[in-house]
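Take a look at these structures.
Two complexes are shown next, each including chain A; its partner changes from chain B in the first to chain C in the second.
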Partner chain A sequence: MLTLENVHACYGESRVLQGIELAIEPGEVVCLLGRNGVGKTTTLRAIMGLTPPREGRVLFKGQLLNGLSTHQIARLGIGFVDENRRIFPGLSVEENLEVAQKRLPEQNRHWPMERIYETFPMLADIRHRDGDFLSGGQQQMLAIARALVGEPELLLLDEPNEGLAPVIVQQVGQLIRQLAQTTTIIFTDQNLKFALKYAERGYVIEKGRVVHASSKESFHSDLATIEQHLSV
Partner chain B sequence: MNLMTAFVAALLNSFDIGILLFIIASGLTIVFGVLGILNFAHGALYMAGAYFLLTLMGTVGMPFWVGVLIAPLGVALLAVLIERFLLRRIYHRHPSFGLLLTFALLLIIDDAVRLIWGSGYHIVEPPQLLRGAASLFGVTYPLYSFFTIGMGILIGIAVWLIFHRTRIGKTVRAAALDPEMAQAVGINVPIVLTVVFGFGAWLAALGGALAAPMRTLGPAMGDTIIIESFIVVVIGGLGSFPGALFGALILGGIHGFGGRWLAEWNIVLPYIGMALVLLWRPEGLMGRR
Partner chain C sequence: MRKKIQLGVLLLLAVVLVLLPKVSPFFIVFVATEILILGLFATSFNLMFGYCGLLSFGHGAFFGTGAYVAGLLLQHLQWDFIWVLAVAPLAAAVGATLIGWLCVRLNEVYFSMLTLAFGMMVFAIAHQWRSVTGGSDGLAGFPLTEVGIGLDIVLANPFHFYYLTLLIVALSLAAIYLLTISPFGLILRAMRENTERVAFAGIPANRYRLYGFILSGLFSGLAGALFATFSRVAVPEMSHWTQSAEPILMTILGGSQYFFGPLAGAAVFLGLKTLITSYTSEWMIYLGVILLGMVLFLPKGIFGLLERWLGGRT
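The block that comes next holds the complex of A and B.
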C-alpha cells in the first residue's frame, strides 16, 4: 500500500528525516511511536508532499509520489489529519466538509454527507457552526470527517489524541477501529497504551530513523524494547 | 436649490463615486485576502479595461454593451498570464517582492498604454439608451450614473453569493485561510490563485469599462483610482469584502458631501478619514485582527 525507502527530509538546514523506511500493507493499522521532535510529523508530511523528501522514494499503490504536489497526492486517496486539526476558521462545519469532498458522482461515494453525519452525530448538531467556535473534540472529529469526504484509502492521523479529554480519546480509538475495516491507517503517538490498544503494529522512530519495527506477532511482546526507546 | 435637493444631489454623488470605487476596491481586497499581494498594478488594470473598451468600440466597431462584457475578460486573461508567469514566482518571498513586482507592472502597463493609444485624452460615448438625465426627488442626474450604481449593487450581490453560496467560492475562502491545509484536502491551490487574480483584475477592468463614458481616458487615470482604492481598503480592512463596501461608501460620502459643503477641504478629507481609522482601528473597520 505504502512504502517509504530511505526518505530524507529537511526543515531549512536541519535534516529531520535521515533515511526512514516503512512498508505498510493494505488494511493495516500502524502506529509511529517516538518522543517529541523525532520526525513522526515530518514523516507524515513527507508522504503528503508538504515537506517534500530530499532523498529516497515514497510509493503509494506502486506509484511514485515524489515530485507530485500535495493536492495530487490527496486526490490519489491519502487523507491527512494535522496534529493541530487546522479547521478552516471562517467556514462552517458543513462548509469545511464541502470544500474537501472528492468530486465524484453521488452514488460512487463511500462517505456521502449522510454517512458522515451518522458516523459523527456530534457534527450533525453543529453543522452550521463557524469553525472558529468548536471544542477540541469537535475539531478533531471534524478534521477526521474532512479527511474522509476526500474518499481516502489511506488515512494519516498525526497525534490524534493530543490535548483531548479521555472520553474523546476513547471515541477516537473506537473510530479508528471502525474505520480500519475499510481503510488503511497510520497514526502517530507518544502514548504506548493507546497505540497498543488500537494499532496492530508499530514503528519506533528516533532522530529521523526507524530504530525498531514490530510485526503484528511481536508488537505486544516487544514492549520492553519499545518502552526503553520512548523513555530514554 | 433648497437643502433637501442639495442633500439628495450629494447622496447621489456619493453613491456614484462610492459604488464604482467599491467594484474596483473589492478586486483589490480579494486579491490581497487570497494571494497576500497588495497589487499596485490594480489601477493600471482598471485603466486597461477602459482602453480595451475604447478600441473595441472604436477600431473594432462593437456596440457598448458587447464591449463592456468583453473588455474586462481581455484584461482578466492578461492578468492570468501575469499570475502564471510572474506572480507565482514570488509567493514564497518577502512581501516587498510583491510590491516591487506589481509596481513594475504598473509602470509597464502605463507606458504600454502611452505607446499604443498615445498620451492624449480620449472619450467613450455612453450608449444611446443611457444618454440624458433622469430626475429623482427634484434632482436631475445623468441616467448613466443610475446605471453604474445599479450595476455596482448587482455585482456586489453576485460576488457575495459566489463566495458564500458556491463551492468554488468556499474553496477560495479555504485556500485563503490555510493554503497548506487546503492542499492537503485536495484543493488545487495554484489554480485557485490564478483564478482569483484573474477575477480581481476582471473587477478592476469592469470598473474601468463602466467608468469610461463618465470620465476622460488618459494615461494617468489609473493612478488616482489606485490611491483611492488603497484608502478604501485601509478604511474597510485589508482583505475584507464587506470592508471594501463600507470603505467605498465612506469615501464616496466624503467626496459627495465634502465636495458640496467643505469643498476647500475635499482633497485632504479622505486622508484625514484614513488616518483616523488607522489610529482608532489599525486593522480597518471590518478587518481581522
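The block that comes next holds the complex of A and C.
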C-alpha cells in the first residue's frame, strides 16, 4: 500500500532522513518507534510532501508521490494527524470537520457526520464550541475525526498520545483498534507499551534510518532488541 | 438573544443611514459618503487580513486602479455610470490576479513586503505615465454621466450620490458577508490559523488564497471607482502606500476579527480626522497619538471593547 525506498529528507543543511525504507501492506497497523529527534515525524512529513524527499521514492498504491503537493497527496487518500495543537482553534468543532470534508456525494461517504458523531460522542456534545476551548483529549479526538472526514485509506498519526491523560490514551488506543478494521494505520510513538498493545508490528528508527524492522510474528519476541534501541 | 441584538443594531444603523440626509447638514452627508466608501475598502482589505491572516501593504494598487479606470472611462468614453462601476472593479481584479499570483506563495512579512512593492509599482506607473494618467496632476475634470438603466440619479448631487453609495456599499458588504459564512469563507478562516493543516485536509491553500486576494482586489477597486467619482479626481496618491495603510489602521481600530470592525474603524478614523482638522492643520500628530493609544489599550479594537462591556464572548 505504501512503500518508502531510500528516502532522504533535509531541513536546510541537516539531513534528517538518511535512507528510510518502509513497506506497509493494506490493513496493517504499524508503529514507527524511536527516541526524540530520530526522524519519525519527518518520515510522516516526507510522505505528506510537507518535507519533500531529496532522494528516494514514496509510492502509495503504486503511484509515485514525489513531486506532488500536500493537498494532492491528501486527496489520494492519506489522512494526517499532526502533533501539538492539532486543530483550528478559531473554528468550532463542526467547522473544523466541515473544512476537511472530502467533496463527495453524500451516499459515497464512509464517514458522514452522523457516523463521526456516533464514533466520537464527546464531540457531538460540543459541536458548536470553539477549538480554543477544548481539552487536550478533545483536541486529539477532533484531529482524528477531522482526518477521517477526508475519507483516508491510510491514516498517519504523529505521536497520538503525546501529552494526554492515561484514560484518554486508552481511548485513543481503542479507537485505533476500531479504525484498523477498515483503514491502514501508521503511528509514531516513543512508548513501547502502547505500541505493543495496539500495533501489529513496528519499525525502529535511529538517526534517520530504519535500524530494526519486526514482522508480525517477531514483534513481541524482538522486545529486547527494540528496548535496547529505545534506551539512551 | 445575541443574534437579535446584532440584528437590531444593524436595522437601527440602516434607518439612521437612510434618514441621515433628511436631518443633517450637507457636510455630514459628505463625510458619511467618504466613511461608507473607505469602509468598503477596509472591509475588502480585511478579507485578506482578518480572514486569511495575510497583511497586504499594497491594497492601494487596487483602490487606485479602480479610481483610474473609472476616471478614464468617464473622461474618454462617457459610459453610463453603472457600467463604469462594473468594469473598474474588474480591472482591479485583473490586477489582483497578476499581483496575487506572485504574492500568495509567501507568508507573513514577505507577503506584506511584496504587496508593498507591487503597490508602489502601480503608484509609479500612475505617476510617470503622463499621457494616460496625467502624471502627478492625476485625472481631473472628467464629466459625470447618467447612472443608466433608467435610474433618475444625478451624480453631481451629493445627496443622490450618498444614496447611491449607500446602496452599493450595502450590497457589497452583504456579498462579502455571504462569502465569509460560505464554505469558501470557512477555508479562508482555517488558512488564517494554519495553512499546512489546510493542505493536508486536501485543500490547495495557495489557490484559495489567490481567490480571496482577487475578491479583495475586486471590492477595493469598486471602492476606488466610487471614491474617484466622489472626489472628482483620480490621483497617484490613491495607490501610494499611505493609502494602503489607511484600511490597515481602520481595521485595527475597529477590530479585524469582526465583520463590521473595518467599517466602524473607518467611521472613527474619518470622524476623528474631520473633527481634528477643524481645529488644527497638524491633525496627523493628534490623530497619531489617539490611534497609538487605541491600538495599545484596545488590541481587539472597538468591537472587542464593546464585547467586553456586553459580557464577553459566548
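As a working rule, the second predicted complex is superposed on the first by the 231 of 232 C-alpha atoms of A that agree within 3 Å, B and C clash if a C-alpha of one lies under 4 Å from a C-alpha of the other, contacts with A are read in each partner's own complex, and residues count from 1 in each chain.
Just so we're on the same page, contacts are C-beta pairs under 8 Å (C-beta built on N, C-alpha and C of every residue); 3 or more make two chains touch, one makes a residue touch a chain.
Bear in mind that the values here come from a model prediction, so they are computed numbers and not experimental data.
Following the overlay on chain A, a clash is recorded for the pair chain B and chain C. In the superposed model, A:50 makes contact with both chain B and chain C.
Of the two partner chains placed around the shared chain by superposition, neither chain B nor chain C is touched by A:109.
Shared-chain residue A:127: touches no atom of chain B or chain C.
The contact surfaces that chain B and chain C form on chain A in the two complexes overlap at residues 48, 50, 69-71, 74-75, 80, 82, 86, 88-91, 95, 98-100, 102, 146, 150. Interface of chain B with chain A (complex): residues 167, 170-171, 173-174, 177-178, 180-190. Taken together, the chain A residues at the contact with chain B in this complex read 48, 50, 69-71, 74-75, 80, 82, 86, 88-91, 95-96, 98-100, 102, 146-147, 150. In the complex of the two chains, the chain A residues touching chain C come out as 48, 50, 69-71, 73-75, 79-80, 82, 86, 88-91, 95, 98-100, 102, 146, 150.
Those residues of chain C lying in contact with chain A across their complex are 183, 186-187, 189-190, 192-194, 196-205.
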